[in-house]
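Both of the next two complexes hold chain A, though its partner changes from chain B to chain C.
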Partner chain A sequence: MLKLKHHQYGYLFVAPFIIGFLVFGLYPVVNTIVLSFTDRTLMSSSYSYIGLKNFQNLFADSTFTTAIKNTWQLWLMNFIPQMGIAFLLSIWFTNNRLKLRGVGVWRMIFYMPNLMMASAVAALFFSLFSFYGPVNQFLVRSGLLAEAIDFLRKPAIVRGLVVFIQWWMWFGQTTILLMAAMTAISPSLYEAAVVDGAGTIQMFLKITLPLIKPVLIYILVTSLVGGMQMFDIPYLLTDGRGSPGNSILTNTINMYMKFHSSKGHIGAASAVGLVVFVMTSVVALLIFFLLREKHDQSAEADR
Partner chain B sequence: MKISYRSMTILYRVFIYLFLVILVVITLIPVWMLIVNATRSTVEIQQGISLLPSKYLFSNYKILLSKGLDLPRGFFNSLTIAVLTTVITVYFAMLTAYGIVGYNFKGRKSLYNMIIVLVMIPMQFSIIGFYQWMSKLGLTDSYASLILPSIASAGSVFFAKQYLDSIMIQDLIDAGRIDGATELGIFHRIMLPIAKPGMFTMGIFAFVAAWNNFFNAFILITSRDKYTLPMLVQTLRGDVYRHEYGAIYLGLAASVVPIIIIYFLFSRYIVNGISMGAVKE
Partner chain C sequence: MKRLFGFLAVLMVMSLVLGACGTPAAPATDAPVAEAPVTEKKTILNVWSFTNEILTMAVAFEKSHPNVDVVYTMIPMTNGEYQTKLLATLGTADVPDVVALEAAFVKSYVESDFLADIGDLQKYADELKMYPFVYEVGMADGVHKAYAYQATPGALFYRRSLAKEYFGTDDPVEIQELLGDFDKYIAAAEVIKEKSGGNTYMVSSNGDFQNLFFANREQPWVVDGKLTVDPMVEKMVETVKIFRDNGYEARATQWQEGWFAGMNDTLTDAAGNPKKIFSYFLPTWGLPYVLYPNSTSSDGASTTKGDWAVIEGPLPYQWGGTWLGVMKETKNMDLAKEFIRFCTLDEENLTNWATGVYTNEYLKAIDPTVPEDQYQAAGDFVGSQVVVEKITASFDESEMSAFLGGQNSYGGFAAAAPSVNARLMQGSDDAIQRALNDPLNSFLEGTITQDEMWTLWKDAVRNEFPDLVIE
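Showing the complex of A and B:
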């Protein structure tokens, strides 16, 4: 048998991952790129290469640009309040002066929605806010509304629901991450700052924020990548086409609609996937590499 | 009037507790309503909101089945996929991470950097290429196409690598080598037993993610008898169930309750596990 030097066994250990990645990760990406230059459909086996035609069609099509705009808006509208609440909670929970009770229980409850099946949550809100659903019943019977509102046909309300559900599912996780980062900061830094006469706000800006930056980047990047792929909730909250009036049409719904059209136009669907794939990756990697500090990189290399 | 520092703190604390209670109500009410409504009849649900359970659980279940929704089957399908995915994810993530942590081979840093980059790549957008490739291999409408990709789960390798860094005991491994254990034997008999708590945490996350995964199954699975729970949930919105609210809520509750139980049993592992990959001690 081939005699390996001891450290070369490492290759054998990582080989399954690399093979798995090539077969199930990299090749599908390459395949998507190839498909995006064809007019291939699921219904017919013949196809031809049509150059950039798919991409030209996309950028001429207002639903594509609407989907991109919607996805960014829906993500930002939930990310900002999510960070706001998470900062508030993590500052309170780690504050030595307040000494709040039951921190473990509070955050355990706040995290729970994150584990819920997104499709079930969407179906639940669909049912709660349907025309004959409990929310309308409650509002009409209690006299708050004169007559029932068709919530799911109002673009602003539907968008608000998607944003709310996303916020509801993710603020607990963000709180836990921020808390972990804040408690990892050595208390001696704050003590020294107090001796130097620093105020609470000054300490937050000069000590806390810089030291939790790696976690902030982690939260930002993972939330962005997840948000750009948003599908289950906007798909299942209304008719699966981003209604009403394309108000919750996201990139993935748009891609799915091309894939699932009567002909199954996988060439055009691949083009949608490829454009948003590149857009999201570029933004995520830019944030990661530009905001990451130099000394983090050297620490990484030492490991 | 001057308020002392002490009473200011108390006032502030009262305000915060009030805020937290409101947040808890917002967090729990949707899930609670879902579970309660699964036990109420459609008539009761239409009569108004209640936060107390009723006694129609079984009749809702019968309605659900009579409309052709095979809940036990979907449950079994989801469980099969989630268990297999969990085992494969955890084993191969540990294997890969151990290769990176335990051996100083050429290219290991580039491999680790590649894994970090992969965590930030939205792989979902290559689903069309994936679908077409799987259909060429004859793996569409098969669970293999849902389970096998977890051999290369970048996020789990990232987590496993951070974890192994923190528990690695080189002396123990060297001792194993002196005793004549094979490299794979060292991994199986020394490394994995030490890494059990981390593997368990990883396993819970892998299980929940697989259990909840709608999109991939929705694209790849077409036979009705292979539907997973999230796919059945999606069919509940159809016309067949239009006025069977009790049955709809029961279908939703059945997909959510197992995860809630897992959470209450293992919340300590889960809450600690969230920050494990992201925050370095």
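Showing the complex of A and C:
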């Protein structure tokens, strides 16, 4: 019988997670890395290692660079306003002086879009803005437009729609996280600040911001990871190929296209995945580095 | 005490791990066992498809093969779930015995290493005089790997009332004369535009007729590993541009609201003016599944039933279709082949299939567990010339013929079928053609030049096919 020392029980309890992670987390990552050096397709059983050829192809290919550029643009354009609105709302909702009523109801309403299926949201916007759709009917009949516009064929409009949908679906989630962080701050800190004569802006900068930093890092990193893998809305809004003019072609759509082509080039698709993985990791680490707790070191220096 | 605790801890972890692994798999293995009141051991044949159509034939197959249990799995294709699931299973022990393959991806499977050679069925195909394109699609390097029960030649449907108004006749023979090639089709589009004051469009979307040009190329897309543009493709771009610039098309999108609205005469432009569509390019299945169900508006106020006619149109083409193949790994090779022979190359089955013999009652008598809505209505166009010739006359009085103002629908397709050619079809066609869509539309809108269009298209193709030579 296997004998365990007292301090070893911990390993037993974490075993399910570790096993799950190794099988469903680590193995796919390692496998993706291995695949990205092959010319493997799903449609044939033989394949060979081709070194860095997949990556050479990627960087020589304008479609890939467009996809990277698009992904960053779409993410930044929805993340910045999303944080802005979420900050404003969570400050209002948690402010002791404002004492807004019905905070719970508003919070629920703002969170609602997040509960809808991405496919339903995409289908909704697709029908609204189609050539024979209600937006065109309204604009033409009210005289705002001389004739119908094919909205979903205009790169700027389609991009704007994707950004808006992403913002609209996610700002409620961010608001709730920020509110949770803000309500966790002890009111006595603010009371002390008021006694010392601090203004609202000072309190925000000197008390709120530093204390919610861990949550900010969490939001930033999870949103970055989600943004770099943006797929469902841009995939479903137009033809699933990032049209018009590759304007909403994201990394993941690009990867999916390679996987989904008639031969199923999983080698080439894995290469895209690996580049996105490396890119996301580097930026996430950079965020951790820039927002790290600095005063520990200064405290040590003071000693 | 401590040991007991340790033992309990191990048990807990074990149950967690096992529980986590066990649950999802359970329903899949339990279900068939529970429902089969088996007296003797039946041979199981696994069939995968993306519609419930073939289930009808699977049940009929069980009637003539009582010791076989066909386990039918339907996976929808709406967003490519079927293809993804099938791709993920390739090379594993979970592959089915028989797979249904749709036109868009049948060729990539036929060209791959995964389908078995079922060439010994060709003698039945010859006997039944199958339309050549039906089995040519299932061939790669001279090896037969898939057969289809239906043939899907394309045709042109037009509105009789509008034809009378603009051309003075609704007679299919005369209209075919008027629309017999694309130059004539363009000229007729101009006539319709002028006489209707721009309120009737020749066609709903330019996507409707792109297929026709692709079907009539002389070279495939890929020649010796090189991307090739046939003159017919250039002609297509030219024609589509003429249709857009002159307003011959309603600028709808296939499978979207505006496209369907034209079928029941409820299309209105954004300002609320009613617009009409003169013609639709649809294949055999387009009549019962697309045109007929959409010919009456959802409020029932507007209908175009009986106002349609069908002709061969400017160019022969085919669109869609379902092929059946056997996976190499199958353990029941002979049975799987027999199933395909029955479904696709059996005169009695094809006749029953096309003439509406497979009613729900018929299927229920064989297998009482068949769902209520499982049946095959008469009218599907089958791939055998022998069968088609025998049954065409029986459709003179059918609902579809009434829909076409008395014209025999089956006869219309029978006229179009022999000239269809699918020899150029390749696995990569679908992806290559879809890659052209977006650049082509940008070109039509005038935001890019034609040269830029070809460059963008080549970039897109290169992205999806890294091993293709593109100049």
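We take it that the second predicted complex is superposed on the first by the 288 of 303 C-alpha atoms of A that agree within 3 Å, B and C clash if a C-alpha of one lies under 4 Å from a C-alpha of the other, contacts with A are read in each partner's own complex, and residues count from 1 in each chain.
Quick note on the criterion: a residue touches a chain if its C-beta (ideal position, glycine included) is under 8 Å from a C-beta of that chain, and two chains touch if they have at least 3 such contacts.
This one's a predicted model, so the numbers in the text were calculated from it and none came from an experiment.
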Query - Partners on chain A (chain B, chain C) - clash or fit - result: clash
Query raised in the report: Touching A:198 in the superposition: chain B (first), chain C (second), both, neither?
Result: neither
Query raised in the report: Does the superposition put A:241 against chain B (first), chain C (second), both, or neither?
Result: second
Report task. Could you say whether A:117 touches chain B, chain C, both of them, or neither, answering first, second, both or neither? Result -> first
Query raised in the report: Looking at chain A, which partner touches more of its residues: chain C or chain B?
Result: B
Requested in this report: Scan A:291 for contacts with chain B and chain C and give back first, second, both or neither.
Outcome: neither
Query raised in the report: Which partner does A:177 contact after superposing on A: first (chain B), second (chain C), both, neither?
Result: first
Report task. Would you sort A:137 into first (chain B), second (chain C), both or neither based on which partner it touches? Result -> both
Requested in this report: Look at A:24 in the shared chain and tell me whether it touches chain B only, chain C only, both, or neither; answer first, second, both or neither.
Outcome: first
Report task. Kindly classify A:33 by the partners it touches after superposition: chain B alone (first), chain C alone (second), both, or neither? Result -> first
Report task. Check whether A:157 is in contact with chain B, with chain C, with both or with neither, and answer first, second, both or neither. Result -> neither
Query raised in the report: Taking the two structures together, which residues of chain A meet both chain B and chain C?
Result: 6, 9, 12-13, 16, 19-20, 127, 132, 137, 141
Query raised in the report: Once bound in the complex, which stretches of chain C touch chain A?
Result: 2-3, 5-6, 9-10, 13, 16-17, 20, 80, 83-84, 87, 90-91, 105, 107-109, 111-114, 251-253, 256-258, 261, 267-272, 427-431, 434-435, 437-439, 441-442, 445, 447-448, 456, 459-460, 462-467
Report summary line: Touching chain C in the complex, chain A uses residues 1-4, 6, 9, 12-13, 15-16, 19-20, 39, 42-45, 54, 57, 61-64, 127, 130-133, 136-137, 139-141, 145, 147-148, 150, 153, 239, 241, 243-246, 254, 257-258, 260-265, 268
Query raised in the report: What residues of chain B sit close enough to touch chain A in their complex?
Result: 9, 12-13, 16-17, 20, 23-24, 26-28, 30-31, 33-34, 45-46, 48-49, 92, 95-96, 98-100, 102-105, 108-109, 111, 117-133, 148-149, 151-152, 154, 157, 165, 177, 183-184, 187, 208, 211-212, 214-215, 219, 229-230, 233-234, 236-237, 245, 248-249, 252, 255-256, 259-260, 262-263, 267, 270-271, 274-275, 278-281
Requested in this report: Quick one: which bits of chain A touch chain B in the complex? Just the residue numbers, please.
Outcome: 6-14, 16-21, 24-25, 27-35, 40, 85, 92, 97-98, 100, 104, 106-113, 115-121, 123-128, 132, 134, 137-138, 141, 168, 172-173, 176-177, 179-181, 184, 214-215, 218-219, 221-222, 225, 228-229, 231-232, 236, 251-252, 255-256, 259, 266, 269-270, 273-274, 276-277, 280-281, 284-285, 288, 301, 303
